[in-house]
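Next up: the structures, one after another.
Shared between the two complexes below is chain A, which has chain B as its partner in the first and chain C in the second.
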Partner chain A sequence: MHKLTLSRKSFLIFNYILLGLTAFVCILPLINVLAISFSSSTAAAAGFVKLLPVDFTLSSYKYALQKHEFVDGFFVSLKRVGLGYAINMLLSILVAYPLSKEKKALSLRNFYAWFFIITMLFSGGLIPTYMTIKSVHMLDTIWALVLPGAVPVFNVILLMNFFRGLPKEIEEAAYIDGAGYWRVLWKIYVPLSMPAIATITLFTIVTHWNSWFDGLIYMNQPIHYPLQSYLQTIIITTDPSLMSSNELLNTGDVSDRTYKAAQVFLAAFPVLLVYPFLQKYFMKGLVMGSVKG
Partner chain B sequence: MNNKNKVKSTAIGVMAAMMMLSACSSGGSNNENNATDKPDNNTATAATNSTEPAVDPMAKYDPPIDITAWRYTESTYQYENGDTIENNIYTKAYESDLGIKLKYQWTVPIEQFDQKLNVSIASGDLPDIMWLKNKQLTDLAENDMLYDLTDLFEKYASPITKKIMLQDEASFNTAKIGGKLMAIPSTASAVDGLPILYLRTDWLNKLNLPEPKTMDDVIKIAEAFTKNDPDGNGKPDTFGLGLTKTFMTDGQFGGSGFFSGYHAAPEKWVKDASGQLAYGSIQPEMKAALQQLQDMYKQGLLDKEFGVKDRAKVTESIVSGKLGMFYGTMSAPLSVIQENVNSDPNAEWKSFPLVSFDDQKATPIGKMPIQRYFAVSKDSKHPEAIIKLLNFSMEGFEEDAVDNGFGYSKNNIPVYLYSLISAEPAKKNLNAHLNAIAALESKDPSKLSTEEKGYYDKIVDFRGGNRENWGTERVFGSPSSFDVINQYVNDNNYTFDAFYGALTPTMVEKLSSLQKMEEEVITKIIMGQSIDTFDKFVEDWKKLGGDQITKEANEWAAKNK
Partner chain C sequence: MQLKKKLQEWPLHLMLLPGILLTLLFSYVPIMGIVIAFQKFSPAKGIFHSKWIGLDNFRYMLELPNFTSILWNTIFIAVLKIIAGMIVPIVFALLLNEIAGAFFKRTIQTIIYFPYFLSWVILGGILIDILSPSGGIVNQMLGIFGIEPIFFLGNEKWFPYTLVLTDTWKHFGYGTIVYLAALTAIDQSLYEAATMDGANRWKQTLHVTLPGMMPIVVLMGVLSLGNVLNAGFEQVFNLYSPMVYSTGDILDTFVYRIGLLDAQYGVATAVGLFKSVISFVLIVISNKLAGRYAGYRIF
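The block that comes next holds the complex of A and B.
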């Protein structure tokens, strides 16, 4: 430990305060949502709730957990994350491994690399993609949510760079001992790449958990919506010009704000849970993949 | 094993019960069908000879046909007994009474209707019957993708259907494109959308102010509500008049009622002195109203931040007791004010008719109350099915109609919302108000419909001291929003947007950007920019396509006289 100079010390203090404040500002909205979700609906509607709940109550959570759209959506989302994660990881690894080889091992390597990268730069567009999904009869099934993004190219590149950074000598030693490509991949590359895989795991889970637009477009019945597609419907304001006067009579504008807050928080909760466990890999994985010798 | 059997037998029992129920409830219309079926069969055989084959508008399809459709649903829809939007009293009756098996291609929450609709239309996969908005109706009709319903409506619509649909011909005609009926409009009560002035009367009494008779009174009240501390907390935290950032078009916290006080009609079409259609936002009457709003903003009578507040945010000001006056529609006591009444035992509000700044009456302006259209795909094999479905929905409005549970269920759940094709008679809600009032006076609710009885019960409950039902009293009871609307109707003092056709080509192309410019300019003027900017805006508006739009609107008017 070297001694800190005064200016260094004051810089550090200032820095920590600044970063602390920034972090605080980032977490404020979340705390506010949390506080609203625990407050009585009148207090929330009047805008009295800031950082602490007013008239503490759990009724919003009871409501949310009884609401079948929410519960259904939750399970659709779980299914989607489970299936999507398995497919994404398997394909990412299988694609990244050959692409990480030299040209002499895989002669069309550049062609394949561009084949994938092009899809990152250009997409088919909304309507053609929709029609493709429709013509293969995937509309209104869980496959429409996981198969179109089955190969996440960004993750493949991340993983490929990580594979390249691993010492070649290990691989060569394995070949000499009689291992084939498959064994090398699963017994050496994958276990050694845990930081990168953890990072991709986080990306994949968060992406699948948070996407809502595909659910809205590809699902034909609201009961098949993943959670976020459902949440989108409760968060955006309804265009009153679409509603008849009778429908307007049934609409309470604000009284459901606490319910919304509870559902938003419950939906964010799983991701909040996953983050701390994967975060230490997260930094390492991103950086290690990016600098290669 | 045992358990499984039990489940099975209960399921069968439930199904049997359900079938019996639906058989009972549809009994009335079935008999009618049987009665009319016979002559129809006779005429059908003789049809080839006669020039005009008689059609039975309610004949059942045998064998049943499949009809596909799409629609939106709302979070306010309630279901019971395992009903869903795909399987409920309506879908069952469609099949048992009409021989129509309804299959939804998709259903979507109303919030996402636009997006889903546009993607589906773009992919070209249209169901037999679709819910559309004005814009998509125009698009599809122009691309010749819809079935022309003109003759089918003539031929198949039942007398009661025709009566209700044509009650308000102007709004029915909004579904006509090039003189052809391209869709069935979901008609509703036009007067329901008229603006009303809402005031916190407990503040009014506290500050010893009279009820508003003129615009001057309104401004004085706004000033007193801002400066004289109506909530008595010693802080200058209240303000006078509530507006949203989109007040030009909004119903709740809108500006339409205020502008009417100056005989101006922004974002609506009015007839000028020569009988031509003119766009309200560019008329000179706007200036006085804008000047007044600017003054009010300067004095703090408007929320300083109104330019960023949406409806929910302004409602927040109401609930927290910061705001005591706004222009809204008839549903405001239920959807906006109720929470304030819940949280503040002293809060009391009243609705007033619009007031004017001079001795001429202020005339509220509404829009055509058509939110959606029901159209039929050009490729549909049974295009007449939509009229049969419409007839089915309209049966309930027959004067001697028995309540078959197609409106509200026994537990007062609004099942009428499940109906694929629906339209309301004009002034339905106003009549509900009048009937409820009459029943309250005579203390005899026996003549009320299930829906009206629901309002009646809530009003009685409120009068018994339950402030949770304050909103229903103030919408349907008395004094209430509908008292004011009734006054408009009795005085025949209301009018509608003079242009109610499908959007013209230039409107489709330019109207939304022109509106955006308009809203920007007007908000800026209110926030203090010189009133002269308005003249520049008028010029710009005309130059940037407004003149062409006016021309097209007048061409439409000439055709639809």
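The block that comes next holds the complex of A and C.
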């Protein structure tokens, strides 16, 4: 048994306080704006709201949910997440599997690998990409949001490394029994890779949900905006000259400020829901990423 | 004896086909589209009939009065972010590592990691509210100490530092977890040996923990070299305004404005290419260095 020295004890107390305070400061902005979203416009304007709502009301949330742009955006986002996830996952699996093979099984393996890696290192940039999407007539369609990033190379590498870590014996037994690559992939590799697939699933869903810039530039009509793009156009107004020209809202308990706060949390809510799972799988993803083939 | 029949290759090529076609269309076609950086491009004439003007777009770019300041802003903001983005998580991971209580440790991690998963639109909305000079909670709290309200997002002196601080806020939880994972991988017998030799916790941190972390610190540092021109488009775009262009405008936001808003396609592509080429060279160098000093391979 060893006893804590005085200096060790005081360090530990200091450490607990410092870490606790830092974490509190990190979460404070979220709590404050959450409290504002549940407060009345007068309390928010008077600066009474700190950590808890003042004059608790749901008016701002009701007001936000009545806006058809908000609801429309929500559904565009859902569609984007569903379609985008399906495409990303399918293509990640289909690309990662051949790349996990040795050169003797797939002679062009290294060529293919570099074909995909190069897209991580170099890109055409904003304008040429925009013009490509315009020239294939995808502006104002959901495809502009899900096809350009259809092959997420980082996820492919993650999955490829995971595939390589699986025992070769099962696969070889299947080949001897007459199974081909497709069967082995769907019946053996995919079921065995569920931990990796779960991690990629969560991150892909959050990435699609959070994307806003592509929606902003590829959709000419605001009716096609995903939720985050729509919110970008209304929440983000740092310029006071723009702020005054915007219709400043003040009806009953709802003000511009409480209304924006409510929308921020409505958009963050789905992320909050999956966050416990995200956190759990993240460590696994880290470990997988570090397994080099 | 093995009865292995030779498997044919074509199913593997077939699996790759959809991914390759989409990558060709959405990554390689735009890369070829970069040629408009050397054209006096007009959408009506298209890529094949626009006039070739050599390096004129680049000359124009370099002669723009604000180009040097935009380049400087980009590097300044990006480098500060890289430095803060390494030091803060390392210190935080070291401090968290000293905590014995699993519940406290987990709670702290859960809290500091959360902003990482929110988009810059959402964080931007939150920051605009709390940093507001009229009624934002930050200025209210500064007011308690008698400090006049500061317009963090509208003041050109404060703006770059506000970017660095808020970027660290979003990302340091992630970094902390990466470094904590490296800390748990350190051989525990080294600590026991150090205790036997009479080293206290501070000495152990200095002579066991820090050297044990060095490989991952070097790796992260070297790899971040590729980000020297990435000042964070999504963040800046959601937080800046014309008031802070002089210190907050970066290459990416500049490309967006002259390209998509002013429709100067050729110049915007030239600026983008300038950035891509430098970044590409930096990434290649950093990967080479990471390979040499940390055994890192991208594939």
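Some observations on this one:
The definition used in the following text is that the second predicted complex is superposed on the first by the 246 of 293 C-alpha atoms of A that agree within 3 Å, B and C clash if a C-alpha of one lies under 4 Å from a C-alpha of the other, contacts with A are read in each partner's own complex, and residues count from 1 in each chain.
Here, a residue touches a chain if its C-beta (ideal position, glycine included) is under 8 Å from a C-beta of that chain, and two chains touch if they have at least 3 such contacts.
Treat the numbers as computed from the prediction; the structure is a model and nothing was measured.
Contacts of A:Ile117 after superposition: chain C is touched, whereas chain B is not reached. Contacts of A:Ala45 after superposition: both chain B and chain C are touched. By the document's definition of touching, of the two partners only chain C reaches A:Ile157; chain B does not.
Once the two structures are overlaid, the count of chain A residues touched is higher for C than for its counterpart among chain B and chain C. Of the two partner chains, chain B is the only one that A:Pro222 touches; chain C does not reach it. In the superposition on chain A, contact of A:Gln66 is made with neither chain B nor chain C.
In the superposed model, A:Ile127 makes contact with both chain B and chain C.
Shared interface residues of chain A, touching chain B in one complex and chain C in the other, are 45, 47, 126-127, 130-131, 217, 232, 236-240, 257. Taken together, the chain A residues at the contact with chain C in this complex read 5, 8, 11-12, 15-16, 18-20, 22-23, 26-30, 32-33, 36, 44-45, 47, 50, 91, 94-95, 97-98, 101, 105-108, 112-113, 115-117, 119, 121-133, 136, 147-151, 157, 172, 175-176, 180-182, 185, 206, 210-213, 217, 228, 231-232, 235-240, 257, 260-261, 263-264, 267-268, 271, 275, 278-279, 282-283, 286-287, 292-293. By the touch criterion stated above, chain A contacts chain B in their complex at residues 41-42, 45-48, 126-127, 130-131, 134, 140, 216-217, 219-223, 229-230, 232-234, 236-255, 257.
Chain B contributes residues 72-76, 84, 86, 104-116, 119, 122-123, 125, 133, 186, 188-189, 192-193, 249-252, 310-312, 315-317, 319-321, 329-331, 334-336, 338-339, 342-343, 369, 371-372, 414, 417, 424, 429, 475 to its touches with chain A in the complex. On chain C, the positions that touch chain A within their shared complex are 3-5, 7, 9, 11-13, 15-16, 18-20, 22-23, 25-34, 36, 43, 92, 95-96, 98-99, 104, 107-115, 117-122, 124-130, 135, 137, 140, 153-154, 169, 173, 177-178, 181, 200-201, 233-234, 237-243, 252, 255-256, 259-260, 265, 268-269, 272-273, 275-276, 280, 283-284, 297-299.
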